[in-house]
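Look for subunit A in each of the two complexes below; its partner is subunit B in the first and subunit C in the second.
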Partner chain A sequence: MENTKQVKSMPEWLKKALGFARDHVYDIFSVAGLVLCVIIFSITSNGRLWSSYNVGIVIEQVTMYVIISLGAVFVYAMGYMDVSLGSQMGVYVLLMIMIVNATGSLLLAFLVILAMALACGAFNGAVAVWLRLPSIVTSLFLMFIFGGIQYLLIESTGSNTISTSLDMDFFTETWVMAGAMVLVGAIVFYLFNFTKLGKYTKGIGANELTTSQCGVNTTKWKVIAYMVFGVCVAVGSVFLLARTGSGGRGTGSGYAMDIMLCLILGGMPLSGGTRSKVRCAVIGSVTYVLLSNGLLLSGVEMNLVNLVKAIVFLVVVVLSCRDNSGYYPR
Partner chain B sequence: MAKQAVMEIRGMNKHFGPTVALKDVDLDFYPGEIRGLVGENGSGKSTVTSIMAGMQKATSGEMKYNGEPWKPLSMAWAQEKGVCMILQEANTVAGCTVAENIFAGRLSEFGKFGVINMKKLNAAAQELLDSFGLGRIKASDQIANYTFEDRKLVEIVRCVTEDTVILVVDETTTALSLDGRQILYKLMHSLADRGRTVVFISHDMDEILEQCTTLTVLRDGNIIGTLDEEELAQAKDEEKREKLVEKIRFMMVGRDIGNAYYREDYDTSHLEEVALEFKDVSVGPIKHFSLQLHKGEILGFGGLSDCGMRLIGRAGFGLERLEGGQVVRGGKVIDSPLKAIRSGIGYVSKNRDTEALILSAPIGYNIALPSYDELSRFSFIDPVKENRMVTNEAGKYAVKCKTVRQNVSTLSGGNKQKVSFAKWTAKDSDVLIMDCPTRGVDIGVKQSMYALIAQMKRDGKAIILISEELSELIGMADKIMIMKDGEVTGEFMRSPDLQETDIIGSMI
Partner chain C sequence: MNKFGKKAVALTCAVAMSVGIGASMTACAESGGTIKIGVGVYETTGAAAIALTNYLDALEPELGVEFVQKALSQTDEATNLSAAQELISSGCRGLILTMDSATEAILDECEEAGVYVAGYLNSYDVTYDTVKTHPNFLGTACDGKNDGSAWGASVAERMIADGYRNIGIVKFPSFAFPKQAWMDTAFREVVAEWNEENPDDQVALKDTIELMFAPLDATYLTQNSDIDAIFSICAGTDFIYPTLVANNKTNIKLYTAGMSVNDDILNNFGDRGNQCIQEMVYCSVESVLYPIVLLMNKISDNVFADQPDVAERLDCGQVIVQTSADVDLIKTNSIYYTGDASKAMIKPSEAKELLAANGGTYAKLKAAMEGLTIEALRENA
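Moving on, here comes the complex of A and B:
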């Protein structure tokens, strides 16, 4: 009885605000996380967070994470993930360096790795269906294969790292990076919200059986989703190369989990479905980069940074991935 | 009343976000009664009983069980204390045996040092099954080997024990065939005879009147009234019965819905053109089945639950891998749902929550999903057009929701069913295969669905109507095919004289 009275006596605007909060609880969490990061690190870093040098670094890092996690939105919306991302990127960077050094053509290098990334996408999408395996298994397979290739490539050079002779400063210009983010973001936003690709990937994540009974060729759309992701990985690899200028045995390692963390921080549900949003990729990537960068600037030791990330990860997952009935999806 | 209530509910409210499902409900249940709960979809029948059974918590209000305050912690907890509920949808654990399902949560009784004595477990489960008259179900089998109906029966065996004080049966009978229902009815009466309480939720008025001793009507979360034994006894009398039914329906809907329920015409003519053809189809128990469905024809399929009628529907939509023969529409072989939908076939699955709908997605998304091909122009899906279409469809069926952006999981059973129907009318499919389309739907909506099906016939659409309710088939179909063990054992043309008793013979 008391409850009903409370509901009735609540002013209209408060009711609306509460309703809005309930409907957008994940957005609020993710934006609040971002704002919190900005505020805390602005203080603890004594303002160094906003030095022009550091802002440049943050943008460089954000560019790559945003572009790749934008592509990953399609994969995560289906409730899948791609653990081969890191070793793929390692191979792509090494290959690009080798091709550029041999031919001097960055375009050729990009086309080669784009073709490879598309093939990987098709593999994760189609082969997984043909073999009736979950896509995570095929991506594990790819992870090992590419790990091997990366090793062989670097062995063949006889040194531990190789670097490119080509001047890639163009890709580290702020307006180029910002432009690339906006362009990829716009394309992904369109594809995800206004085409069948986005509608169907969400459907596959939410309930694949129902989606296929609605006449959706789920295999085809899985392949397309993974290939769009592949394009983003290829583009992201170019920016990675531009930033580092070199590659080695460890290049790319850890990126698969970083991207997952980006998306989760942005409020993406791990199980995919209709709650998936493009903005998760953008908000999450910025939060993630600020988190790593801000912790270091605040004087936290490198090995402790990972510990903090782990705790943040756990907290975010508990807050965001639990559905109302109290069960963890998947 | 002089009798002491076994369960007293006082001032119960339940809100689902902005939706109010129960408003200050006061309700008493007494020992020895079979209490019917009737009301339209979303009237609060399932809500009030599921709160009682510990499935969810009330927003406010009090309950007393045997005079003591009752605050169930969970379903399992409530069941241990004697209050149990059999749900609308399947609720067994796949990948386990029948015996493991029956004793789920109590397996430790059969264990020693963490090792479970399977022999003892199976024997005990089999004994239970036998005592319910379900000897044909083997306790040691995998639960997946059994049909939806049998799984439901296993669930009943699991729920009901010697210590059951209150049993809630929530629209379970829609999942059961005739003999399954008989088993359940017998069980309900034997419980009531022993002074226990049965709460029976159903949309089938005949069933309610025949089985229940008392009846409570709900509407929009309010208790409208309760009919006592004396009033309900009028149902035995042919003449008074009709008046009684009218009265109950009026209480449920709040307005007179009249008698026009099913199709009124007896026009069985249809166009010459074949809309869907089964050519010598063999799948599972069905051998060499051939059939032509014409434009403007309603073909009804009936029979016991596992007679094969369901397979016909699935095969017609390309969901089954055929062992022989073909399903053809307009010269094209239908062997996948994709091809089926491309050639204008729609399918309303009986497994609503797992196959027909995406529960975690908004209503609008569910309705639009099969239609995105039509909605997209040069790859662009216009959200305004999409929204107009789904709002229109949801409005046509009066889906009880605040907005179409709300998730389907927030809807009550019947409203969910409306959404799964709306998917295909939005798509404007030419052939519709419906597997129990009105399952769990209240009379008001049923009436409009039947009107819609009749309109579809007039528009030249071809319809396969698979149903466990004979009255529905008699009321709607041009031709009724009754199946048994994969074979058609009887064909009946639409006629005003056709009675259920004429048909039952070929079912069993």
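Moving on, here comes the complex of A and C:
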């Protein structure tokens, strides 16, 4: 009774604030994680975190993760994932190098890998439904196929690494990378929040059967969601190639896991659904890159970096991956 | 666990993380007036990594350097570029890299930042011809010899002398390690010469097979049931020996590149245990002094009078282990096995004599690197 009286006596604005905090507690945790990283590393790096050089390299490193994570939001919102991402990127980078070196046309190279990425998206989305397989199985299949192609491509060159002869410095200009992130972010934000695509992908993640029984062709929207992801993978591959100017037998390895980590660090629910947010991709990618960057700038020893990362990851998962009734994953 | 309990776990983890960061920062606090050098390593665990870390730690006070280690990827170029960028951002004025990956992009980055690069355990097989004249590339210490043909030939002579007449050869793919083919060729040439001179005592060589960075498949042993020895140009203790053990084929002798300090390997070496492994070879950790000295000279504007115009890839001495006595020597007197920097063939206190500022010459540095052999280890004992 006393508590009820206290609540009733609270000012209206405080009640609203508390209500907002209660409804968005997990989003707040993910933002707070990023803010905490920035504050801690700003202090411990003796200001190096904010040097113009470091800001530039953080933007350079984060661009590819943000762009691909933004595309992955559609896939994760459905409660799915794509483990073939790394192998796909490896092949796309090698193909772009080969096409660019042979023809001098980056546009042609991009169109080729875009077509492949769209085909992979369609495959992941449709075949999983037709064969009634979990989509992770079809992406596993693609992972092995692309892993084999990557090996054959690099073996055909007779070298461990190949480089592009094209000057791609334009793509590593800070304003170009920042602009690309803003552009892709704006498109994905619009698609995810104001179109049927976002609505249905979240619906599939929340309850596929119900969504289907509401008259939604879930197969069609799954395919479209995967294809949008494919576009982002193709664009991300261009920025990946622009950074190093080279590719090899292991290019892209581990990126599927990196993107999953980015999204989880950003507060994306692995089960998908209505709590999926575009901002998870941005917040998570920046946090992920800052963790590696900030720990080194703070002088943390190499062997402790993974331990600290693991602890941060554990904290984020414990704090953010629950629903209001306390179940994992939310 | 209730909600409060979970939050308590999270809070404990957060506190542990903060303490960890704080402790590490205290341990790694940058001291004024020292040169900071970044070391990008592809191997972060194991005997070689421990030996390198301990040696670098011991060198820091002697040379007035702070070393910052960062893990490199053996496969992903972007990871390695990011590592180099982060080392530069942390204030490193020189980088020692063990991978030839994204090298040109890293050198472009270094040129803009005024940072120099030198290699360690790295022959820069892919980019050497391009980067050897780059103003920010100073040279590299190879993992042993740049051209390992001499070792390949010496193993062939030893295997013939030991009486093996049916020999298999195993290596990594040529696209990844092109120079392993040179060792294979040198080995075959010695055998061909022997066969020509000894028609009644022929040595049969099997076709060379390539391992895709995975252990030897047991079917190889079934298809080649007559082999009595294997010449492994790749790391045989990791990729071949386990297969021999698993298939009860330790009667096949193994002569291999690479080294292991695993007791299971060392206890079955030479005339001990199952006597399967007969030769190992490795490049000792002291060869990291080559890039360190080049970087320190350059950063402090002291150049050797006899410094080559073009950045070199330097051959370093190889510790070739052939007998059980050699194993005992390594167990007791090498930094590689003990991790004890005081057992280094070039003591940390002697390292500064190699610097140009202290009267060192390039010829002296080169001789010191070439002298990192089993003979030097014996003298050091």
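Annotations
Heads up, the rule we're going with is that the second predicted complex is superposed on the first by the 313 of 330 C-alpha atoms of A that agree within 3 Å, B and C clash if a C-alpha of one lies under 4 Å from a C-alpha of the other, contacts with A are read in each partner's own complex, and residues count from 1 in each chain.
Here is the rule we go by: a residue touches a chain if its C-beta (ideal position, glycine included) is under 8 Å from a C-beta of that chain, and two chains touch if they have at least 3 such contacts.
Only a predicted model underlies this, so the values are computations on that prediction, with no experimental measurement involved.
Partners subunit B and subunit C, brought together by superposition on subunit A, fit side by side with no clash. Of the two partner chains placed by the overlay, only subunit B lies in contact with A:Thr274; subunit C stays clear of it. Of the two partner chains placed by the overlay, only subunit B lies in contact with A:Lys196; subunit C stays clear of it. When the shared chain is aligned, no partner comes close enough to touch A:Thr219: not subunit B, not subunit C. By the touch criterion defined above, A:Arg22 reaches subunit B but does not reach subunit C.
Touching more residues of subunit A than its counterpart among subunit B and subunit C is C. Within the superposed three-chain model, A:Ala206 lies in touch with subunit B and out of touch with subunit C [touch as defined at top].
In the superposed model, A:Asn101 lies in contact with neither subunit B nor subunit C. Contacts of A:Asn303 after superposition: subunit C is touched, whereas subunit B is not reached. In the superposition on chain A, A:Ser42 makes contact with neither subunit B nor subunit C.
With chain A used as the common frame, the shortest Cα distance separating subunit B from subunit C works out to 11 Å.
Taken together, the two complexes place no residue of subunit A in contact with both subunit B and subunit C.
Interface of subunit A with subunit C (complex): residues 40, 44, 46, 48, 51, 53-54, 57, 60-61, 64, 154-155, 157-161, 163, 240, 243-254, 292-293, 295-305, 307-308, 311-312, 314-315, 318-319, 322, 326. Interface residues of subunit A, counted against subunit B in their complex, comprise 1-4, 7, 19, 22, 193-196, 199-200, 202-203, 206-207, 209-217, 273-275, 323.
Residues 11, 13, 15, 17-18, 24, 59-61, 317, 319, 337-338, 340-342, 347, 349, 354-362, 365, 368-370, 372-373, 376, 379-383, 423 of subunit B touch subunit A in their complex.
Residues of subunit C that touch subunit A in their complex: 3, 6-7, 9-10, 13-14, 16-18, 20-21, 24-25, 27-30, 41, 44, 68-71, 73-79, 81-82, 85-91, 100-102, 104-105, 113, 125-126, 173-176, 178.
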